[in-house]
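Next up is a structure, given as structure tokens.
First chain written, first letter: the chains are A, B, C, D, E, F, G and H, and each begins at residue 1.
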Amino acid sequence: MRSSTPDAAKFARLDFDRGRRTGFGETVYAPGKTPEQLVSIFAAFKRKGQPVLATRVSPEQAAALAGRFADTAYDPTSRTVASTWRTRRAGRRIKGNVAVLAAGTADLPVAEEAAKTVEFFGGTVSRFYDVGIAGLHRLLGVVGEVRKADVVIAAAGMEGALPSVVAGLVPAPVIALPTSVGYGCGAGGFAAVLSMLNSCAEGVTVVNIDNGFGAAVAACRMLRKQG
Amino acid sequence: MRSSTPDAAKFARLDFDRGRRTGFGETVYAPGKTPEQLVSIFAAFKRKGQPVLATRVSPEQAAALAGRFADTAYDPTSRTVASTWRTRRAGRRIKGNVAVLAAGTADLPVAEEAAKTVEFFGGTVSRFYDVGIAGLHRLLGVVGEVRKADVVIAAAGMEGALPSVVAGLVPAPVIALPTSVGYGCGAGGFAAVLSMLNSCAEGVTVVNIDNGFGAAVAACRMLRKQG
Amino acid sequence: MRSSTPDAAKFARLDFDRGRRTGFGETVYAPGKTPEQLVSIFAAFKRKGQPVLATRVSPEQAAALAGRFADTAYDPTSRTVASTWRTRRAGRRIKGNVAVLAAGTADLPVAEEAAKTVEFFGGTVSRFYDVGIAGLHRLLGVVGEVRKADVVIAAAGMEGALPSVVAGLVPAPVIALPTSVGYGCGAGGFAAVLSMLNSCAEGVTVVNIDNGFGAAVAACRMLRKQG
Amino acid sequence: MRSSTPDAAKFARLDFDRGRRTGFGETVYAPGKTPEQLVSIFAAFKRKGQPVLATRVSPEQAAALAGRFADTAYDPTSRTVASTWRTRRAGRRIKGNVAVLAAGTADLPVAEEAAKTVEFFGGTVSRFYDVGIAGLHRLLGVVGEVRKADVVIAAAGMEGALPSVVAGLVPAPVIALPTSVGYGCGAGGFAAVLSMLNSCAEGVTVVNIDNGFGAAVAACRMLRKQG
Amino acid sequence: MRSSTPDAAKFARLDFDRGRRTGFGETVYAPGKTPEQLVSIFAAFKRKGQPVLATRVSPEQAAALAGRFADTAYDPTSRTVASTWRTRRAGRRIKGNVAVLAAGTADLPVAEEAAKTVEFFGGTVSRFYDVGIAGLHRLLGVVGEVRKADVVIAAAGMEGALPSVVAGLVPAPVIALPTSVGYGCGAGGFAAVLSMLNSCAEGVTVVNIDNGFGAAVAACRMLRKQG
Amino acid sequence: MRSSTPDAAKFARLDFDRGRRTGFGETVYAPGKTPEQLVSIFAAFKRKGQPVLATRVSPEQAAALAGRFADTAYDPTSRTVASTWRTRRAGRRIKGNVAVLAAGTADLPVAEEAAKTVEFFGGTVSRFYDVGIAGLHRLLGVVGEVRKADVVIAAAGMEGALPSVVAGLVPAPVIALPTSVGYGCGAGGFAAVLSMLNSCAEGVTVVNIDNGFGAAVAACRMLRKQG
Amino acid sequence: MRSSTPDAAKFARLDFDRGRRTGFGETVYAPGKTPEQLVSIFAAFKRKGQPVLATRVSPEQAAALAGRFADTAYDPTSRTVASTWRTRRAGRRIKGNVAVLAAGTADLPVAEEAAKTVEFFGGTVSRFYDVGIAGLHRLLGVVGEVRKADVVIAAAGMEGALPSVVAGLVPAPVIALPTSVGYGCGAGGFAAVLSMLNSCAEGVTVVNIDNGFGAAVAACRMLRKQG
Amino acid sequence: MRSSTPDAAKFARLDFDRGRRTGFGETVYAPGKTPEQLVSIFAAFKRKGQPVLATRVSPEQAAALAGRFADTAYDPTSRTVASTWRTRRAGRRIKGNVAVLAAGTADLPVAEEAAKTVEFFGGTVSRFYDVGIAGLHRLLGVVGEVRKADVVIAAAGMEGALPSVVAGLVPAPVIALPTSVGYGCGAGGFAAVLSMLNSCAEGVTVVNIDNGFGAAVAACRMLRKQG
């Protein structure tokens, strides 16, 4: 569970022990937090020598963090800010590779949120973008590489068919990541999430619409099994 | 418009001029009609020397028709009965080939309703069944043949992705035919029809769930453009 | 498949071979692209001597294109920008006429997106606007002309009945194009798309809400059968 | 409000004053009542010399009533049983004519429930059946007659477009009566009721799916204005 | 049918004969029209000596009309502008009284749109506002007055129970007018419209959410029966 | 939490301490249990000298219990079987009166399930049935009695307005109990539950459709506050 | 019933007797009221020496009230303004304690609206925030305290599981308060409200999404039973 | 992809190489297949010396298989039939343990379908049943054991909260398996699947309602990572 928003009066108790307990660092869901609150949270982690990742960061929030910390990295596509300071954590880290696929360029922010989160937790990521099923040759051209991954995250909006096609081509667990890309009957990603839940391919599991972070955490839980 | 059911008191006025007007014969939607009513309708067409096709025919209705007419053909998979008597119609007939694809064997009754209807109206049909996207090699193995068709009808339930994949591989118009095959969130075919309306592939059009007859009539309207 | 948005970091690979492969030129879905990106895309096509059409173009994007290229045409109703430069394409073009009908004036942007797209691909268009079913005399007054078309696209919001009425009056394939015009129970076009999928008229096929571009591509796939 | 079902222990208090209060007789919603209960209810009204109408009567219930009362009339299409005994009621009755239209033969049970109810309350009914919009010539052939009615009830399932077309052709109030005829996306009458609520024609009002009785009572409330 | 929006290129053909044909004047749905277009439409009617009513008028549109015509009346609650110039129409007008009820003050804009429209067409209106069912004594205190009306329009959002309660208390036809007042599960008026379609009271008919204009036209069709 | 169905292999651990812990006895949800399993469960409670209540009991299950235990009472309307044997429980019991209202006779099984459950737990029940809002005089005739209750449970299907009207008339907490009585747009009770959640009356809380048992337990939790 | 918005022309009649009738003071739903109207309403209550509470107050409205009355208290988290002036009310007040739980910090505005309303009516409140089920140890750490409350209000968005877990741990009535916190499939709070209505725990009742005020009034109706 | 139903004319091509390709054996979805067809399929696998598992087997189908093969095992709870004959497969098998949790006894058929499928593919299963969140002590009593599993499958109907609670207590990947157990607003499992997709706990992924087989295959894909 991540502390959410709005954070009234005083803000959420930080869980500094979490990294040790689960092998994962702490993450922060930025929406609803003031730039000042985000800065305070990052400062607290830095004092402890622990890593921290913020997701869904607005440009204003990112500017406040960049102005205060030279040792953070903002990625505008994924809307994440990760600490880059030296950390004291010496515990075991996640091992393994996650393939992140995206059907179209509009799915990139969600796919990159997943990718950056996996990397923050210690996994490696192979990216395969613009491999939607309407141009099948692009997907077939990379499937050999995708098969090498330990876990696959497949992001798609519209009709959401990408994870179903991929699951028929690779042996790894496939996490279907519906995005809100679409309009009309598919507005908000509902066609995509329904399509993914009803996949005729075996072994697909699904997360909420646009939940790149959740897909990444699920992937890391699977990867941790490796170590 | 086909006369529907239940047919109270006296039954629907038959449209004997229809074949001449549109180049298509008359069809009958069987549900809600008594076996006696169906027999009477077929008898009227036979007297006129005109062809007739009944769809959604129950085994009881089919038995009544077979008991009365030696010159009809019942197909239990598609649940159709077509007249085989000599007809006086000498007008132009539909020319061209329709590829009918089905994702799974459970989609066959709907796919065959489409195929039999196209054939009744004079078109030829190429069948490609069990080519669902979870086993992509089967679809890719036949795509060369599918590309030869003038129109494609692609039937699928579950996540309904087949028409989207096909439309990226062939230049012909693709009619997406959702079926009610599915369960849970996809019960009744709603995931499939939503998926098809939101196809990321260009040029897909959609008919109602399980409406194999409607898909076939649409295909014939396109084919008639050929003649 | 059209490259979509947002177009992160570097933008979508352009498919210059597409015109040759399918007989159609390339199109660009403008939302999410910066004016600079659109200008770059148009410049690339112009260098190749190939035509290009952008849809859903905002006034800002249109101004950027107009400022850079004298040989493009912006249509504010359909929100399209088409290149007008001389092209090297000498391949076969689509032949045939598409009737585009719109129920009300509010449906015009969607209907015109369809019309402009058909024209871009080489077809001719006959327009019949403000022919909604509540004033049936207007529709009946033009039905003779509509019957001459090879394909019919019928756009309507609200109760979406226009395609059903038209399909009973003409022999051509009818593509039902639901629009998001409506409010209350019909907000977003859901009543229209449901109505069209359940048409009691035979031979109607349906595209997604407001998908004028998709209706046009489907029509062109049908027309190409002519050549 | 009609007494409904199941009628536990002792059954609903009958409202013998209702005829006098509203000018309408009493009606009984049959589902959930035992044949014996229906017979008792009819006997009570007969003793009072008052008329009674039962709707949604099953064949078993109808047989019980017919076996006990020679002076009742069962209509299997509308599933109604009306008393035909001499009544003491001498109050004013409804005056005026209601046109009842049905799109297809499958809509007849609902349309006839409306028609029989209007007649029970004293109105006259003009019936126009099988006038669905897919065969517009049939509707246009009778529209002159329909225009003579004081109120119009238009029953349709599927895409439910009939009331919208009719309201553009006649000046009377149009009550849209959706039926549960349909399948797939239109199963249960939901496409029809949505279509009717979103009618682009002015002056259409809507009742619940299959609620022929309710449409008739609304029509009678309008007619009573006549007297 | 009213001309709607946006009104591209040239705007809707005006129907000057409509007043004569139906006994009603012309109305204009303002959204999507520029202030200049509205002014032009009003000028055209004034030249013909005919009345005109615009609904859903924005403050900007209203200011433009007021600046140009002294003989128009803008009502900000109902968002209507009606012409007050002398008209040449000498035909029969609607006779009768419509009771307009509103459950809460938030329902007033919709209720007043209905009331102003009835008045524009020649009917008289009795208003009963803030009579929601949670404070039943207010409704019961006015029910004697409401019973005198020829037609009742009952507007309510939230749980939408007002029309059901009213229909049990008055003999006139009751038009249920759902409003979009509500939040959470009732956002957009969906709970209200569902509640009204399922009314346990007999003789209620329903229009679309927020469709005060449509409720008024339906009422006027019923009133016209009076004359 | 009640043990549910089907009860595979061996059946649910019984919670004999529950009566002592919460002041309530144990209850059994009968669907999915074999008559033999129900008999065994009742026998176990009888041996312990504890009371037991079964809900949703089928006639077959009831017959099995009656055949084995003379000291149980089956109520076919509420479909409950309660033990009547002497119990050893001497703890405090619920005190207070619950008014159970039902809109129509069809709502009785659900209302009685609530009433019998309250009585089983030691509360007293005042029943007010057939007090639906379409005949408001019936409700107003009993409201004085209803005001004496400590808690009110109001059961209604169709448009579900009863709890909203009642909550405006009494000071006690009102539990809205939607029933599945209805058809068309209200099929399954969805219109009722939506209506109740959106009540314009303050202080209404809602349980699931047909959940008479749950409404009763909630009422008893409120009553226990009395003791 | 609270007077709602927009308050056209003149504003809602205030109900000064309400405090005496029900033991509760008057409350005002602020949205749609101008700051001036709110000030007038507060002034009227102050003149009468009666308390008043406004909910959903915007910062602009709050500033207007603060500028005019030193004896009011604005709470930005709950968006409420309560009068703090001396009141003449001497009637009985609500007694008892309400535990208000919130799953996450984003649920605080809704939870605090409930808490402040209970306090306004005279009850005491124990707050337990950030006790969502994903970190069960936090909830288990406070459950001993929660068990002391007379009534529990449990606010949660997302999957809405908190009330179900709580109801299994405490004997008091549990009011489930869904919030609109969530996104994707849970946008608007629909997953939470559905989850709460289907709770496997006995004795949970539910209010509308974000209806903190309604939950508090229901709690107070239950508490009043205490006095 | 599993061959589905009905299997027209000749039945599905069997994929004897599948076991070798993926390390998993073949499975058969029984619904829609005749007992004879199932027997033929099993016979084919036996001849090849390969294992086979049938799911959703009816008692009639099970009897046919048992009558023909002594070396098969039918489990009526999970509705599966697994071959027990000696197999020639010598490839690597899945290693690891899957904890299968079920909220109530009604969820057992779905949970057991998952468990039997995991066992068929070579994994071991730890079962924790009747651990629904309404009686939290049962879940907390076994959580130490659950934490030892490599993957967790948590089945629940009703409000579907079990996977969210579990994911906060264990580090392994949690597959949420919604079941169709529920009624009213939760009928068909929709409340459960929505709840699970919106889990506030990190790392939960979801499969379709009642898809025990799919949950198991996903778990095995994760386990295979172990070997």
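Keep in mind that, in the parts below, a contact is a pair of C-beta atoms (placed from the backbone, for glycine too) under 8 Å apart; a residue touches a chain by one contact, two chains touch by 3 or more.
None of these values were measured; they are calculated from a predicted model.
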Seminar exercise, completed: In contact with chain B and chain F alike are the chains D, H
Problem set entry | Option in D-E, A-G or A-B whose residue-number contact pairs overlap F-H by over half | A-G
Exercise. When chain A touches chain G, do the two copies use mostly the same residue numbers, with over half shared, or different ones?
Worked result: different
Problem set entry | Centroid spacing, where centroids are CA-atom means, of chain E and chain F in whole angstrom | 45
Problem set entry | Inter-centroid spacing, chain H versus chain C (mean Cα positions, whole Å) | 47
Seminar exercise, completed: Per the C-alpha centroid definition, the whole-Å distance linking chain B and chain D comes out as 36
Exercise. What positions in chain G touch 2 or more of the other chains?
Worked result: 1, 104, 132, 134-135, 168, 184-186, 190, 193, 197-198, 200-202, 208
Exercise. Where do chains touch, given as pairs?
Worked result: A-B, A-C, A-G, A-H, B-C, B-D, B-H, C-D, C-E, D-E, D-F, E-F, E-G, F-G, F-H, G-H
Exercise. Within the complex, which stretch of chain E touches chain F?
Worked result: 103-104, 132-136, 158-161, 164-165, 167-169, 182, 184-186, 190-192, 194-202
Exercise. Of all residues in chain G, which touch chain A in the complex?
Worked result: 77, 104-106, 108-109, 112, 130, 132, 134-135, 181, 183-187
For this session: Going by the contact rule at the top, pick out the chain D residues touching chain E in the complex.
Result: 1-2, 22-23, 96, 150-151, 168, 171-175, 193, 197-198, 200-208, 213-215, 217-218, 220-226
For this session: Could you pull out which chain D residues touch chain F in their complex?
Result: 1, 3-9, 11-13, 32, 178, 180, 188-190, 193, 208-211
